[in-house]
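Two complexes, one shared chain (subunit A), two partners (subunit B, subunit C).
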Partner chain A sequence: MSAARTLRVVWRLTAVNVMMTLEYRGAFLIYMFNTVADPTISLLVWLAVADQGVALPYDRAQFVTYYVMLSVTAMLTATWLGSYLAEAIRLGKLSPFLLRPAPYILGMVGNNLGEKIIKLPLLLPLVGLVAIFFRHDLRLPTDPRAWALYLLSLPLAATVAFLLDYVIGSLAFWVEDVNGLLRIRTLLGAFLAGQYVPLALFPGELSGLLAAQPFRYTLSFPLEILTGQLSGTALAAGFAWQAGYCIGLWALYRLLWRFGLRAYSAAGA
Partner chain B sequence: MAAIVATDLSKTYRFHRKAPGLRGSIASLFRRETLETRAVDGVSFAIEAGEVVGFLGPNGAGKTTTLKMLCGLLYPSGGAARVLGHTPARREAAYLRRIALVMGQKNMLWWDIPAMETLLLHKEMYGLAEAEFRRTTDELAEILEVGHLLRVQVRKLSLGERMKMELLAALVHHPEVLFLDEPTIGLDVVAQGRVRDFLHRLNREYGTTILLTSHYMDDIEQLCPRVLVIDRGWLEFDGALATLVERAAPHKIVSAVFAAPVPRAVARAALPGLDAGDAEELLKISLTAPREEVADVAERLLRLGRIVDLSVEEAPVEEIIRGIFRPAADPVVAGGGRS
Partner chain C sequence: MAGWESPAPQPRESLARQVVRHLRVWRQFVVMAFVREAEYRVNFFVNVFDGVAQLALAVATFLLIYQYTDEIAGWSRAEALMLVGIYRTVAGLIGLLIEANMMAIPGYIREGEMDFHLLRPVSSQFLVSLRRLRLDEAVNMAIGLGLAIYAGNQAGVRWSALGVLEAAAFMLCGVVLLYALWFATVTLSFWLVQVDTLDQLFFGLFETARYPVTFFKGAVRALLTFAVPVAFATTFPTQALLGQADRRLLPVGLGLAALGLLGTRAFWNHAVRHYGSASS
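Our next item is the complex of A and B:
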């Protein structure tokens, strides 16, 4: 399929998902409330710790900036496809799609983009309220280059997260129940992505490991750019890791599907 | 050139069997019994472009498995399939653009949005030009009488309307070969008839090659001049439906209604072997007769009294088909090794 047609198909699938999501807008408003509430609670905890005079690598402003921007960043890089994909494989729901001349993954891309298009306008006012509340400590970058780099790392982070889920979900071609694995990915992933605790607060000995693991590139890295923690070299290395994970996971996805579809077709489709 | 060719096509499924209960589950962690079932076992046939062929067989006979191998969803375990010159299992885009599969029990349309959205998606996927897409959609919607429903949420449609929409979505790219798996399942008689009329018209006007499975004999009788009968993975019959009926049911049903009751003894004397029940007098006599004796039986009936109605009918096709299939045995044909 040509790139232009692929884009048109993705756009159509996105539009379809926007329409479907609009049917459930009430539920999405509640999700978005949670998306903002969790980081705000974490922020309050850390500010309380900081007020006790504990020496932390982050100052007040960095905490506020990190957690206020976390909800938007986390939403825009989130994925939820793993269990859906696994179910589609296990129950043979893949079949109607496999007979269309377009790869199945495009449907998931459309679903992901479609829901995010609906969630963003619901989320932004809530984040705005939190930002106003913490306005005295909020220090967003004024340098447009920082924003440009953040906006570049955002789609890459979303891609790494999406492909990670896709690869794990694809294991359902061989493994009967991948939900346990997906749960571990969600919990461990959130922790290692800096969703609860900024990675900068982890012990220094772990910094090498933390920099190399993929979850950093699903959330923490764009936030590190915004909070101004990264030097020129660290930035370049970060983008290299992020792009590397995109390419590596893409290759892994292609490989898994090549053999996975054979297993699927052997089992009864 | 034949549109669909199956040569010695086979499909074997492997599965595991475990003893019931917790003990069985634990034991199966260490030792599992691997079994194989041959769903399709060396099936060969060829279907010319423009034919409508019915695929008959009881549940588990291998109909859907064969259909799935032909459209590319399943890899054959043996033999070969060629459809429109393509090897289906490769699932090349060039192949998928020329075929369609409609499954009565699986839907392609999104539930929460109007069918038109799925059609628009197909327009992009199949790379259809705007004018061509509009023309086909309007044409199909008119024949199927669903033009006014294209912008209604799919979940608000009746089962029959939904099936028509499924057909529309599957046909918007003008497939040359259409595979149908139970397309009328669950539909009421009127809706079944409409779908059948549509398929008939599709074949006549567009020359679409159709291979369909159905449990409704009406579908087969009205649509398919040719049938393939498959049972336990074997192709039992390939030919005209009329030939199948003749071969499987060499009897016809002869019935007569008389103006005045005929005494039972008289009727039995004229028609030896007549099962007349307990009644002393008969107003209606109905019996099965070998094809070559039908004329003779009718003549004897005429001699019994003044007849107000006389009919000679084939046995119901449904019954005939049921008769063809022997009682199903355990489908597991080969115990594989243990793993």
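Our next item is the complex of A and C:
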């Protein structure tokens, strides 16, 4: 399928999902409240630690920047497709989609983008309120290049997270129940992505390991760009890892679906 | 149908007999829960594992925080971990007794099952609030208690019957208050179709119980003490065990809990009177 046609299909599917999702805007407002409240509580805890007057890898401004921007970044990079995909494969709901002239994954992309388009305007005012509350310590980058890099790493982070879920969900071609695996991915993934504690505050001995694991590139890396903690080489290495995970997971997805669809048809579904 | 008529007057029954009757019904809920759990054994272990994983991550978060300091707002690491254990215990208690029920109530109303619950000769609030038990949460509760005792020993707690009793009383207030808050929210589903998502709000707020309220200042602390009473569920019980609780707060908590129960009862009865049933 040509790139232009793929884009057109994704655009249409996104528009459809925007309309469908509008129904749930009330529910989403509540989700967005939690999306903002959780990081704010973490921030208050770290500010209480900072008030003890101890030396920390982050100063107050970095904590505020990290946790205020965490909610937007986490929302924009979130995925929820894993269990839906696994169910579609397990119950044979995939079959009608296989007859359509576009890959199944594009529907999931459209759903992901469509929901985020509805969520963003609900989330931004809440983030604005938190930002105003912490305005004295909030220090967002003034250099437009930092924002450009953030905006570059954001879709890459969303892609890594999306493909990770897609790959795990695809295991349903062979494994009866992948929900346990998805649950571990959610819990451990959030922790290792810096959802609760910024990775820069993990013990120093772990830094090599933390930099190599995929979850950093689903959330932490764009935030690290905004806190201004990365040197030029660290930035380049980060983007290389992020792009590498995108390509690697994409290849894995293609491979899994090639063999998975055979296993699927063999099951007679 | 224009709403539920009050049931035909029953011969007056003493309060003690009513309590005994309800306890007997509750025993039956427990028996049923065991039967159900025996059907889904794998699910049981998955849920326990999930609880353990969540607790491990909460502990890891605190260990990361306490790398940098020995004390936060007067709480040592062992004391904070003790609170995490208490948090897990309370979360387990809520999961065991009420969580599954709160999540089921909007469905009863939407799909008409509520009619059957209203016809039964026990308090409908009692029935819908407690009929489902999640036994796997009892295991998570025990694990939480284990952590609280272990960390308590490390914190040098001198265990006393009075302290444990005081902690249990605070915890009871906390659980009752959280129940009242959640149940009042769920009661709204007599009028609103989509309140299920309000559960998410409740879970989000309850998450804050993982931290001592004294970590927070001013408005946030007041909010978490009185508006969203998580302080009664975790911070005050831990302080009671550490011998640092403000005893004046115990009657406040008991009063608020009683008020919460009476308030939800009045609200629920009001809602039921205006219930038109999904099938009529």
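What we mean here is this: the second predicted complex is superposed on the first by the 269 of 269 C-alpha atoms of A that agree within 3 Å, B and C clash if a C-alpha of one lies under 4 Å from a C-alpha of the other, contacts with A are read in each partner's own complex, and residues count from 1 in each chain.
Keep this in mind: a contact is a pair of C-beta atoms (placed from the backbone, for glycine too) under 8 Å apart; a residue touches a chain by one contact, two chains touch by 3 or more.
The structure presented is a predicted model; accordingly, all values stated were derived computationally and were not measured.
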item	value
Subunit C versus subunit B on the shared subunit A, clash or fit after superposition	fit
Touching partner for A:1 - first (subunit B), second (subunit C), both, neither	first
Touched partner set for A:99, first subunit B, second subunit C, both or neither	first
Which superposed partner A:262 touches (first subunit B, second subunit C, both, neither)	first
Three-chain overlay, vertex subunit A: subunit B-subunit C angle, C-alpha, nearest 10 degrees	90
Which superposed partner A:135 touches (first subunit B, second subunit C, both, neither)	neither
Which superposed partner A:9 touches (first subunit B, second subunit C, both, neither)	first
Subunit B versus subunit C as contact partner of A:20, first or second or both or neither	first
Per-pair minimum CA distance [subunit C against subunit B, superposed on A] in Å	9
Interface residues of subunit A shared between complexes with subunit B and subunit C	none
Contacting residues of subunit A [partner subunit C, same complex]	26-27, 30-31, 33-34, 37-38, 41, 44-46, 48-49, 51-52, 54-56, 180, 183-184, 187-188, 191, 196-197, 201-203
Residue ranges of subunit A touching subunit B (in the complex, touch as defined)	1, 5, 8-9, 11-13, 15-16, 19-20, 23, 93, 95-96, 98-102, 262, 265-269
In the complex with subunit A, residue positions of subunit B that touch it	13, 65, 68, 71-75, 89, 91, 93, 96-97, 99-101, 103, 106-108, 110, 112-113, 117-118, 120-122, 124-127
Residue ranges of subunit C in contact with subunit A within the complex	46, 49-50, 53-54, 57, 60-61, 64-65, 67-69, 71-73, 194, 196-198, 200-201, 203-205, 207-208, 211, 215-216, 220
